[in-house]
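You will see two complexes here that share chain A, one where it goes with chain B and one where it goes with chain C.
Here is the complex of A and B:
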C-alpha cells in the first residue's frame, strides 16, 4: 500500500501510488473527451430552437391529451386480443425452435462441439442481436402486414434469448443423475427424457414465462411497422394527432404490461 | 401359489408422475390451454397467397446475406452507424451517471423511506414504458434527431441500472460498511469505502451489458425518427434493397458480438 511522507516526516496513507493515479486520470480524460465529442455531434444535429421550445410543446400536448377518450376503448379490444395472441403464440413457436438449438449449443449434449455448436451459437447471437421491430420490418416486407408477421417476429427474436438461457441451464445439470439413467441401459432418448429433461424443467418454465412477459411489452409496439396489434391503433392515432386516443392507448398498454408482469411473477412463484 | 398373488407381488409397472398432481387442476389447465389455442389460432387470418408470393422475396433476402452490398449506400450506412454509436455511448454514460444516485436512493438499507419511494417510482416509470413509445413522445416534443434518441436511451438506462444496482446494494455485506462507519467516516466516505467496493464489479458488468442493449435499441430508434441507423434500414426495406439491408444487419450483428465478447472479458477481469 503506497505511503507518502509530508513535510514533518509523518506518513500519509494513499489509496494508489503515483503511476496508478496518473493512469487513472489519463483514462478519465480519454473518457470525458470521447463523451464530449459524442455530445458535440448530437448537439450539431439538434435544432436547439425546438429544444428551448420543448416545455411549451409538452404542456400543449399534455393539455390536448387530457382527458383520455374512453369511448375509443371498444375499438381497442380486438387489437388487444391480437397483441396477446402475438405474444403467446410467438413465445410458444419460439420455444419449439429454441429447445433443439439449446441442446445443440450445450457443451454436454451437443453432437459435435467443433461443427454444430458454433452454428447453434451463431443462431443464438444473430436472432438475439436483431430487435423484434427489425424482424417485424423484415417480415412485413416479405409476407405482408398483419398479425402473422408480428407473431413470427416475436418468435424469431425470442429464439436466441430462450435458447441462450436454456443451454446455460443444460450445462449446469447434475451429471450423476444422467449417469445413473445411462447405467440402467437407457437409450439416448430415454436418457434425455428421464435424466436431463426433469432437471431443466423448472428453468424451462421460468424462462418461457419470463420471455412471455417481455413479449407482451414488445408486441404492443410491433404495430408501428404494420405488424398488427395495438401498435397499429397507436400509429394511426399519432398520425391524425388524436392525442386523447394516444393517452387511452398508452394507459391500456401500461395496464397490459403491469398485468403481464403480475401473471408472470405469480406463475414463476408457483413453479420455483 | 396362484397367478394372482404372483401378480400382486410383482406390482404394477412404474409410471412417470404427472407434472401437476391434482387431476382436476391438470385437466382444467389443459382444456383451458387447448380452448385458448384454438381461439387464438382461429383469430389469425393468414393470407397464404400473399405469404407464398413473399417466399421468393424471403429467399432473395436470405441469399443477399451472402453478398451484402456495403458500397452503393456506403455513406448513408457509415453516417447511420456512427450516429447510433454516438447515441449509444453518450446515453450510456449519462444513464450510468444518473442511475448511481437513484440506485443509492432506491436501496432500502441506505436511503430513508421518502427518498426510497421517490427513487423506486422513477425506476418503475422508466421500466414500464417501452423505449419506442418514449422515443415517439420525445420526438414529438424535441423534434427529429439524435437528441430524442439520446434522451430515450438515457431514461431507459436509468430504470434498468438503478434497479439492479439497488438490489445489489441491498444484498451487500453489512459488516464491511459498518466497519467503515465505525471509523467515524462521513456519509460520502462511508459510501465510497464501505459500499462502492462491494458493488463495483457488478456495476461495471451491468454497465457493459447495458452498453450492448443500448446499441441494439439505438438501431431501431431511427424507425420513429430518433436518429441512428434505423432510418437507413427502414428505407432499405421499403425499397426492397435487401442487399443493403443485409449489410446493415450484418454490421449490427458483428458489432453486438464484438461488444458481447469485450464485455465478457471485462466482466471476467473485474469479478
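Here is the complex of A and C:
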C-alpha cells in the first residue's frame, strides 16, 4: 500500500506507488505498439485497389437491387412459414431435451456430482459449441435436405443454451423454500414440483422466448446449406444474381425478426 | 415425548455446532431455545427432523428413533413435525392456499399434488386453519403479495395442516416488528395449547420468550448452558450464555409479570 511518511512526519497516501505507475505506462505503450504492428500486417495483406473500389461496386449492386421485386412475394409465403415452424418446433424440442439436462447439471439437483453432472455439462458444451449452420450441414448429409434437418439443427444447437441458462437459474433458487417443502415430508419429486419448479418458472419462460427469438434469426440462414426455409430462396436468388429478389428476401427476414422480437418482449413482460 | 440423547453435530468444515445435547420435552410443552448467534440453535432444530444429519446421538419422538429411520420412514415421521421458519420460507410464486396445502404433501401422492387435487377433507382443514390465523380472505392471493406477519401466519397454517405432534420453530419473529412479533408468538402458543402440541422455539428476543413460554433452554457454543422456568432467568444466567453486558432492561421482573396478569384480569 503506497502510504509514505514525509519529512514532517505526516502520512501521505497515493493510489499507486512510482513503480506501479511506471508499469501502467509501459503497458499502455506496449498496447499501442502491438496495435500499430497488427495494422501494418493487415495493410500488407490487403489489396487496397479492391477496397477503394468497394463503394462503386456496392453502389452498382445497390442500384440493380432497387426496387425490390414485390411480385416475388407469392413464392416466399411458403418458405417463410417453414422458417417460422423450424424455429418454433425446434425451440420446443430443444426445451423438452434441455429441462432434464439442466436438472442433472445443477449442483443442487444433480443425482451425482461426480458421474452425472460432468456428462450433463458435456452435453451442454458440445451442443452449444457447434453452430446451427454446422449442425444443419451434418444433418442434411445424414437425413437429407429439407425442413426436418433444419428443425433438428435448431433443436440441437439450442439444448446447450437453454440448459445452461436453466441450470444457472436452478442453482440460484432460494434454498429455504426447498427446505420448507422437504420438512413437510414431501417426496423427492414433490419437492421438485413445489419447491423448485415455481421458483424457476419465470426464468424458464424468459429463456424459452429468448431462444425462440434467436432461432427465428438462425433459421433464416439454414436454407443456405439446404435445410429448408427462406434461406433456400435467398441462395438461389444470389446464385442467379437476381438482386431485386434478394432485396425483398432481406426485407422479409428483417420484418420476421422484428415481429419475433416484439412478440418475445411482450411474452416476457407478461410472464415475469 | 421428544428426547434428544447426546446429540452432536460436527460440520464437514470441522465446526462443532452441537456437543452432547441431552434434552427431554414432555407432551404439550412449549420450550424456548435461546443463545447467541452460532450457538447451534438452528442446527439443533434441524437435527430433530434431519434437515441436518446429526453426527452422533439420537432423537426419539414418541418412542421412535428418528435418527435410525430410512428415507421413506423419515418422510412419514416428518409429517409429525411441523416447521416454521424465520424468513417464512413460503413458496413465493404459489397462492396462499397452495402454500397451506403443501403441508399435506407427505400424505398425498405425487400426481394428486401436482394437479392440486387434494382430498376435500384437506381443503376443509385448510380453510379452517386460514380462518383461525385470520387470513381467510387471502386464500387466493399469491404469497409474495402478503406482509411479513401475514406470511408467517401462512407458515403457521402450513405447519399445522400436517397434523403434527411437535412444532419446530426457527426464529419466528426475527423479521417482524415488535407488535407483530408478539401476535405471532401468542398465536403459536395458543395453537399449541389448543392442540396439545409440544414446541421448540428458537428465539433471540429473551423478553419475548419469557412472556410466552413455560421453559427456557440456553445454548452456548453447542452445549446446554441453562434449563429452567422463565422466572429463573437472571442477569447472571444471561451473562453466562451471552457474555458480560448490562442485562437489566432485557429481563422482565417477576412482579412485572404479576402486574401484567392483574391488568389482563381487570
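Throughout what follows, the second predicted complex is superposed on the first by the 223 of 272 C-alpha atoms of A that agree within 3 Å, B and C clash if a C-alpha of one lies under 4 Å from a C-alpha of the other, contacts with A are read in each partner's own complex, and residues count from 1 in each chain.
Operating definition for what follows: a residue touches a chain if its C-beta (ideal position, glycine included) is under 8 Å from a C-beta of that chain, and two chains touch if they have at least 3 such contacts.
None of these values were measured; they are calculated from a predicted model.
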item: Which of chain B and chain C A:253 touches, first, second, both or neither; value: first
item: Touched partner set for A:190, first chain B, second chain C, both or neither; value: second
item: Contacts of A:236 with chain B and chain C, given as first, second, both or neither; value: neither
item: First (chain B), second (chain C), both or neither touched by A:21; value: neither
item: Touching partner for A:47 - first (chain B), second (chain C), both, neither; value: first
item: Partner chain in contact with A:4 - chain B first, chain C second, else both or neither; value: neither
item: First (chain B), second (chain C), both or neither touched by A:131; value: first
item: First (chain B), second (chain C), both or neither touched by A:112; value: neither
item: Between chain B and chain C, more extensive residue contact with chain A; value: B
item: Which of chain B and chain C A:71 touches, first, second, both or neither; value: neither
item: Chain B/chain C common contact set on chain A; value: 194, 201
item: Contact footprint of chain B on chain A as seen in their complex; value: 31, 34-35, 38-39, 41-43, 45-47, 50-51, 54, 57-58, 61, 81-82, 84-85, 88-89, 125-126, 128-131, 133-134, 137-138, 141-144, 146-148, 151, 194, 201, 217-218, 220-221, 224-225, 234, 238, 250, 253-254, 257-258
item: Interfacial residue positions of chain A with respect to chain C in the complex; value: 174, 176-177, 179-187, 189-190, 193-195, 198-199, 201-202
item: Residues of chain C touching chain A in the complex; value: 49, 51, 75-79, 81, 83, 85, 87, 89-94, 102-107, 110, 113-114, 155, 158, 162, 168
item: Of chain B, residues touching chain A in the complex; value: 16, 19, 36-37, 40-41, 43-47, 50-51, 54-55, 57-58, 61, 82-83, 86-87, 89-90, 93, 128-130, 132-133, 136, 140-143, 145-147, 150, 216-217, 219-220, 223-224, 227, 230, 233-234, 237-238, 240, 245, 249, 252-253, 256-257, 260
